[in-house]
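Have a look at this one.
Going by the order they are written in, the chains are A, B and C; count residues from 1 in each one.
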Amino acid sequence: MRISRKPTGTKFFELFTEIGANIARSVDLLDEFVQAPADRRPELAARMHALENAGDDATHAIIEHLDRSFVTPFDREDIYRLAARLDDVVDHIDAAVDLATLYRVGDPPAGVPAQVELLRRAAALTAEAMPRLAEPQELTAYWVEVNELENKADQVYRRLLSELFNGERDALEVMKLKDVVDELEAAADAFEHVADAVHSIAVKEA
Amino acid sequence: MRISRKPTGTKFFELFTEIGANIARSVDLLDEFVQAPADRRPELAARMHALENAGDDATHAIIEHLDRSFVTPFDREDIYRLAARLDDVVDHIDAAVDLATLYRVGDPPAGVPAQVELLRRAAALTAEAMPRLAEPQELTAYWVEVNELENKADQVYRRLLSELFNGERDALEVMKLKDVVDELEAAADAFEHVADAVHSIAVKEA
Amino acid sequence: MRISRKPTGTKFFELFTEIGANIARSVDLLDEFVQAPADRRPELAARMHALENAGDDATHAIIEHLDRSFVTPFDREDIYRLAARLDDVVDHIDAAVDLATLYRVGDPPAGVPAQVELLRRAAALTAEAMPRLAEPQELTAYWVEVNELENKADQVYRRLLSELFNGERDALEVMKLKDVVDELEAAADAFEHVADAVHSIAVKEA
């Protein structure tokens, strides 16, 4: 008989679920941002920053709960690492939105909506996986799919770069837009790092 | 009496050996790529991508074997980390080749062959170390040498950057070439991260 | 009764203290560098490189001591990780100084002194924390403050970027200066990674 982790881990799983939902909201807001006219950007960037702060608060709540808990559902360091990596996702999305606003970049390159769509799918998978963390062995499909999305994101990103460098934009504008799409690419990588952290918990518990 | 790790770990050591050999092949192909005329690049980039896929398959085989194994030669998380870091090496080399092809960059800067030569030596050391993983304590020389190569790679990289920025190339061409040499520098760092993962196994087992 | 870690860990704590002091010295030198006229840069860069070498030596001394020690004050892998992350701090500062010298960049952007001041405060907190590593649970304030400094450093960095891109500099000069301030931003992140490594030791020991 396998002893359920639920009793000792309920609070952790609730907090991870909350963080997963917050990530999904931040990608929805990113989607709105890339479609919005430039004059709405400061307002949307402020809302994104509020989501980033909410994520920070939930991350700190996990760490404080870790400090107070005698029994934890997984190794303490694995909980800590998963929380830190989830935090990175929204950090990169917030950075992309913040830089696009500060730099007053022009319209995003044609490849950006495809990049955002892949983030949206990774966010949905992540948000669905978080409430199921108590059974990490059953999250193999999640891990495989996020890894496949990251491979697709790499391809979309490289095509985006070659579009950026096609000679239609001046060098400074290319540098600004590249900073923004680099942060979105880092967000796609960050989803993979979250999935790797989940997978490495599953491997340990096997 | 020290019990040999061989019986439980044979399959792991075989897979790591295969990955080491695949890395050495990918650096040989990189060497061919930087010397080849631009019209051969797409064909060589496709071959590199095939090596990258082969590496992915071997990495997944390690992870699947980990999922199925009750006894492992090292901690499960250390095997997992080493596999992930080896995978990064070919990913960066593949990215360099892919970007150079997509961007249709001109001739590589004069410092690139020296950068590739350092990667070739790090790859040879790594390929030699992998079949000897069962005795990680005896790999100190490997770890020290890869760290020294990484220090040299840093110096070569910075001289390469100052060559890139000497004013002979326009800003967009500098940005494209910098993306390529940054991926090669990341590959040199990735070899060091592999060696660190091996060293940290040796430290644990001491 | 809690058994003190002091007896088994004295040598480790001494080496970490030495590394903390070396980091503080390197940030003082960075402060001198950003205020110095361009013709003093090569001399100051050479002095920074000497500090970077001294840090490397202390890091290797920790690793050698780890190889020889039967009993360690924390898990071997945590000591190893903390040493590696401390090493990264000076590496990034050294890279910033080296690139600024090699590239012969003009005067630093107006935001750089604020960036250096935040590094100076993070370095002071880190140097103060290292002699107190034997009681990691008492370092919560250190961890919280370094995280706050890193958040401020992010904001300073982004304002610095928008200053860099305001159109007063040509694209190549922007790229060079961006490489330098990116290394300083990476140093701020590296201080946070050090604090995270300390915090994760505290979490484990809780």
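Criterion: contacts are C-beta pairs under 8 Å (C-beta built on N, C-alpha and C of every residue); 3 or more make two chains touch, one makes a residue touch a chain.
For each chain, UniProt lists the protein as follows: A, B, C = TIGR00153 family protein.
No experiment lies behind these values; they were computed from the predicted model shown.
Call it same or different for chain A and chain B: same when shared residue numbers make up over half of all numbers used at their interface.
different
Between chain A and chain C, two copies of one chain sequence, what rotation angle (nearest 5 degrees) aligns their Cα atoms?
C-alpha superposition angle, chain A on chain C: 120 degrees.
Using mean CA coordinates as chain centres, what's the chain A-chain B distance in Å?
About 27 Å, centre to centre.
Using the touch rule from the top of the page, what residues of chain B touch 2 or more other chains?
171, 175
Would you pull the chain B residues touching chain C in the complex into a rising list?
154, 158-159, 161-162, 165, 167, 171, 174-175, 178, 196, 199-200, 203-204, 206
Under the definition above, what is the set of chain B residues touching chain A in their complex?
63, 66-67, 76-77, 80, 84, 95, 98-99, 102-103, 170-172, 175-176, 179
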